[in-house]
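Read through the structures below before going on.
There are two complexes below, and they share chain A, which is joined by chain B in the first and by chain C in the second.
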Partner chain A sequence: MATVTMVGGSARLAGARRLSGKLLSVAITLAGLLLLTFLMGRLLPADPVLAVTGSEVDKATYDRVYQQLGLDLPIWQQFLSYVKNVLTGNLGSSLTTGRPVVDDLLTVFPATLELAIVAILVGTFVGVPLGVVAAANRGGLMDHVARIIGLAGHSIPIFWLGLIALLVFYSKLQWVAASGRIDILNEGLVTPITGLMLVDTLLQGEWDIFRDALSHIILPGALLGYYSVAYISRMTRSFMLEQLSQEYIIAARAKGMSRRQMIWNHAFKNIRVQLLTVLALTFGGLIDGAVLIETVFGWPGLGQYLTRGLTMNDMNVVMGSVMLTGIVFLIVNIVSDRLYRILDPRTR
Partner chain B sequence: MITDVSRQHLSLGAWLKADPPNGILHSMAQQAWRGCLRFSLHPLGMLGLAIILLVVFAALAAPWLTTYDPVTQNLLERLQPPSAEHWFGTDEFGRDIFARIVYGARTTLYIIMLVTIIVAPIGLLIGVCAGYLGGWADEVLMRVTDVFLSLPGLVLALGFAAALGPGITNAIIAIALTAWPPIARLARAEALSLKQADFIAAVRLQGASRWRIIFRHIVPMCLPSVIVRVTLSMAGVILTAAGLGFLGLGAQPPMPEWGAMVSTGREFMIDSPWVVIAPGISIAAVSLAFNLVGDALRDTLDPRGGE
Partner chain C sequence: MRRNLLAGVSVVMMLGVAPTQAASPPNALVIGTTLSTITSLDPALTNSRTQSEVLSNLYDNLVEVTPQDINKIQPMLAEKWELSDDKRTITMTLRKGVTFASGNPLTAEDAAWTIQRVIKIGGVGASDFALWGFTSQNIDGLVQAPDPQTLVIKLPQAVSTDLVLYSLTSSSLGILDKQTVSKQEKDGDFGQNWLKSNGAGSGPFKLTQWRPNDVPLCDARAEYWRGAPPMRRVVMRHIPESGNLRLQLEASDVDIGQYMASGDLEALQAKGIAIDPGPGLGYYYIAMNTQDPDLAKPLVRQAFQHILDWKPLASTTMKFNGFPWQSIIPKGMPGAPNGEPTGYEYNPQRAKELLAQAGYPNGLKKTLYPSGGPLLTMAVALQASAKAAGVDFEVVPGEHTPDFRSRKYEVLVGNSGSRLPDPYGTLVQYAYNPDNRDEAKLGGYYLWRTALDAPELTKLVDQTKTETDPGKRQALFEKIDQDFKALNPPLIVFFQRTDPYAIRKGVSGYVGHPTWTTRWFNVKKS
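Up next, the complex of A and B:
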């Protein structure tokens, strides 16, 4: 009995140590992220003083603002005050919109989130079955189709495909709406609740605006989704191949189980948890794609906000958007890691 | 039957097949030759290689391939559709798009070569040191890698490119800063598994220094998988570079760069689609080529990694 409790105790201790190690590494990553964004902001070729005052300014005002911004302090003190500001939720204000960056981020982030959700849905519901079928018919027609889709997804620049899609579906066929989230006429008619246009219009029963929003999101969402299909189907295929070569599959086949049941009820069931991690990993690529696809489709999201900040040398906007991206990325990774531990019995 | 090959005059083919090899160099040459033979069995890999060679040829022979200048404007001939005179048409400044594509190959190659030269040694060295030395060196190096990996590649590259100021050299530095962490991770994993190997223990017992083990034994063993990884990541580098160019943070006009060509062609795309089609296909073709070569190299160099 004593040994049993001891084993239990040491397991709990190991668990606690793992958790604290994990927390420490998250804290270090966050600190590194802060340092990285701080350096980016400091390196930007814009003069932060002139950005506040405008280019025509006398020496006295310049010096006053210079001191107010704390630019006369040693660099490490500037970094500490930056950290303090970020931790208290103060990311400064944007030079171009004149609003606090935090407020701006709260309006642009849901737009990107909505796009990412549509993309993940497309990626999952197309990519996973494609990968499973490709693995089940290894070397067959669907396997080649999946391979071509994957190669194209890893090779064709997304912004270019977006332009071609606009050319075909908007300007030639006129199947979809062009840029933005909704038609200008519908702008402001929906009170934001969740910030996700599709959900908000549904909640308020605005069917026409819902259809409008859908016709705006379908093209950028599907294109972004296509890029995750490339990755998800490839990973699903290799996970499935690994499962299908296991002995329990041979046993199931020897028992006379049907092929369909063997693939979906046995092999697929075992890769679901692994797929969760893949979905989390897709997220980074989605953000990269969103930056470009938002520029092409005039989608008022985080990516467009960031690129506009970059071209306008709007330091606070750049630092804030990069910081938010990093934090969201970190959260997605932590959540998927936790879920993996909870769902996979072997890691308990 | 063993014959002494060193004394005979052999044809190159026989020399490459001679068994046993005569010395280390002979053996290495034979191994390289067998690798090439294996690689040539990959039709898709050969296709990729052909595309890359074509791009190299275009970049080297650009002035002889076209009579047009990629930069000089000719507003009388703006937005001409593809014709016998202008194979890919002309852009909004009347510049020949074929000429800009061919000269743009130089920009692309320049980016690829510089990024490879910067990224491969740095990633390899950081990864191998972290993996073999272990302890606090591993902790510190891997935490730094984690920070760089905590941001999606393009966002990080965008941030650096903006901070350093627009321009091709800064874009290359920005891309390099984002491309090394995955290579370091890979090299670390390889070094970790090699560290346990018996032959490393044997070398250590013979009194080899730590750095000698790293540079003479671990690094060469990591090279194949690093080469595969670098080749595959070049496909992504090309897309990132094109993305930076598209967003106006890469090569600056009038320098011919494919991503920037797509970006400026956007406004005229509806009436003159050829201004965006050729540069887009060029980017996709080169990126595809690196993907294909990388896959084939993986099969050739690393039989374990095969699916």
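Up next, the complex of A and C:
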């Protein structure tokens, strides 16, 4: 009896230690990220005072704003006040939109998030089966076809592909819409709850607007997903090949198991964790890699916002966007870590 | 498994296959454009084409000029106006019965307050009106509303009253609803923060929605004093990719296309879509900072007149964006030269000789800034053609207008626009520098940006401001144009700008305005 209690107690203690360890590592990563964005802000060739006052300002106003922004304080104090601002949700104002950066990010980030989600779904449901089929038919026709499909998606310039896709699917076939998130007729008819148009329209039962939103997102989302198919399918293929050469697979075959069962029920199950890492990394990359697609399709997302901030030397925009991207990466990593534990009993 | 995959993809496609109704709605105008230049919707802070267009429809002006006849000042909010005998006072009578979008009546007090506000804020929107000697110290005393229907403008200096009236047509002097804007004041900002994304005008349209860099949505006002506009709604969509915009114009999903690439405009023209050339009052130029010791030498500047191969540009990338021009007076205006422009032929050999004479037998190396994204093509073209002349440019992409305004550049290519339909408008940008010191910070004048002191030229330009006799003015303009060229100027003009608008068949009444005050009031769709 005593042994059981002791085991139970130490298990809880171990759990608490693990959790606090996790929290500590997250906090340290976050602090490092903030330090990075802060340094970037100070190193950018943009005068933060001019960002507030405009370029033609007299010395008196310049000095006043300089003090207001705390630029006369030692650098470590400036960093602390930056951290305090971030933690209270103050990311400054944008020079180019005139609004608080937080408000801007709340508008543009969901747009990119939605695009990235559609893209990762396309990338996964096309790339993974492609990789599995390629591995199962190693050296065969399907292997070559899969490689060509993947390579094409990765090598062909995505903006060219975008325009050709528009020509085919929008101009000729009239299957999809060309730019923006929804039709102008539907502007303002959906109350943003999550900011994800597809989700919001479903939640409010607006089926027509849902179809409209889908027809706007499907092309840019599919193209963005197609771009990552190469990576996903190659990694899947290589993981699968590794599994298929294992002894337990040969044993299962010898026992008379069907080929399909062997591939999907045994080999594939064992690569899920590795695949998860690949997908998580890809998703993080999709969040900030969507600039070209966003430009071609007039998609009002984070990519366009950040790029415009960079070319206009809009410091607050750049710092805020980079920090947000970093935080998203962090969250994606934490979530995939949790999923490992569920999928792979060995890590529990 | 492959079958399942195929099935899955088809399901998704079918969900999305709503044969999208290819038609912008019959009573809504859809304009495809680039919205990245709109940083605020405050008229006092406006300077770009797209901003001016939106503001010209949210706000009315006291007077206007139409694109068909830009020399004639027409009544708008002011029904009539009288000049005092000494021509130093303009008394305007405002029409009755005009209301703002808020419902407040428009009175002369709103007009006076608007003008005072623009000068006091002193932003880019003030540059035209401030030319006549108005300052934040004197403006309250000079612009007044003795009664709700009368506006009195006293001129601090002797100036041609036509010029003053022309400057009142600018979109930065759209009349604001004093009561509404004053309520939104914060820390003495005159409501600038609120006006960044809100409207408070008496124009034919009101601002319903504004998402920066995404979409402004304007709805018609049925109670507009000229009558309800035929278009119930105007939407501007941010479509930065010219190819995409072209496909949407062809599919009739978009009615007007702006900021498009020449290749796409050509293709649209071939399909029968009208391209309004949209003549502009501005130029494409190479600017040199004469604070740089190399560029201070007149011979070097003269060499630069021969390093751009502009003829091929005229028939390719510049085909719809400008026409070859080398004078600082817009084509067709008094004092402008006749015939084909000459003087700045591409001649790398001559340029080399001039540079050698100036003491640079091995050529020059300079950084080249495009003033903004659209000028990158020209910067790269200049870089390529200048190589043969021994001038080695390093092109640095980005938005360099702030650097230009603060003299932090070496060589720059840019384009300008003037909102004043008179040669004075461009002359005051290119040939006028009242105070060349760094501290003067006169970034609104291009000649100041190049740090060239030209007192004689400046005096002549001032004379054209006060001279009222048209013959004498023309003679002055011609003299200024010649004297300017004789300086081997640090501003070399190669093209006069045009701002093409692609207009879908079935859309009538949309005319691009040379001063960017393009109004939607007359637009109809059949």
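To be clear about the criterion, the second predicted complex is superposed on the first by the 304 of 348 C-alpha atoms of A that agree within 3 Å, B and C clash if a C-alpha of one lies under 4 Å from a C-alpha of the other, contacts with A are read in each partner's own complex, and residues count from 1 in each chain.
The definition used in the following text is that contacts are C-beta pairs under 8 Å (C-beta built on N, C-alpha and C of every residue); 3 or more make two chains touch, one makes a residue touch a chain.
All values derive from a computational prediction rather than experimental measurement.
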{"item": "First (chain B), second (chain C), both or neither touched by A:329", "value": "first"}
{"item": "Chain B versus chain C as contact partner of A:133, first or second or both or neither", "value": "second"}
{"item": "First, second, both or neither for A:171, with chain B first and chain C second", "value": "both"}
{"item": "Touched partner set for A:32, first chain B, second chain C, both or neither", "value": "first"}
{"item": "Partner chain in contact with A:297 - chain B first, chain C second, else both or neither", "value": "second"}
{"item": "Which superposed partner A:163 touches (first chain B, second chain C, both, neither)", "value": "both"}
{"item": "Touching partner for A:318 - first (chain B), second (chain C), both, neither", "value": "first"}
{"item": "Common interface residues of chain A - those touching chain B in one complex and chain C in the other", "value": "159, 163, 166-167, 171, 295-296, 311, 313"}
{"item": "In the complex, chain C residues that touch chain A", "value": "1-2, 5, 8, 12-13, 15-20, 22, 24-25, 28, 30, 36, 39-40, 123, 193, 196-197, 208-209, 211-215, 217, 235, 237-241, 243-244, 247-248, 250-251, 253, 373, 397-399, 402, 405-406, 441, 443"}
{"item": "Chain C-touching residues of chain A, taken from the complex the two chains share", "value": "50, 54-56, 95-99, 104, 107, 125-126, 129, 132-133, 159, 162-163, 166-167, 170-171, 174-180, 183-185, 187-188, 211-212, 214-215, 218, 260, 295-298, 300, 304-305, 308, 311-313"}
{"item": "Chain B to chain A touching residues, read off their complex", "value": "143-144, 146-148, 150-156, 158-165, 235-236, 239, 242-243, 246-249, 259, 262-263, 266, 269-270, 273, 276-277, 279-280, 283-285, 287-288, 291-292, 307"}
{"item": "List of chain A residues in touch with chain B within their complex", "value": "25, 28-29, 32-33, 35-37, 39-41, 43-45, 151-152, 154-161, 163-164, 166-167, 171, 238, 241, 284-285, 287-288, 291-292, 295-296, 306-307, 310-311, 313, 318, 322, 325-326, 329-330"}
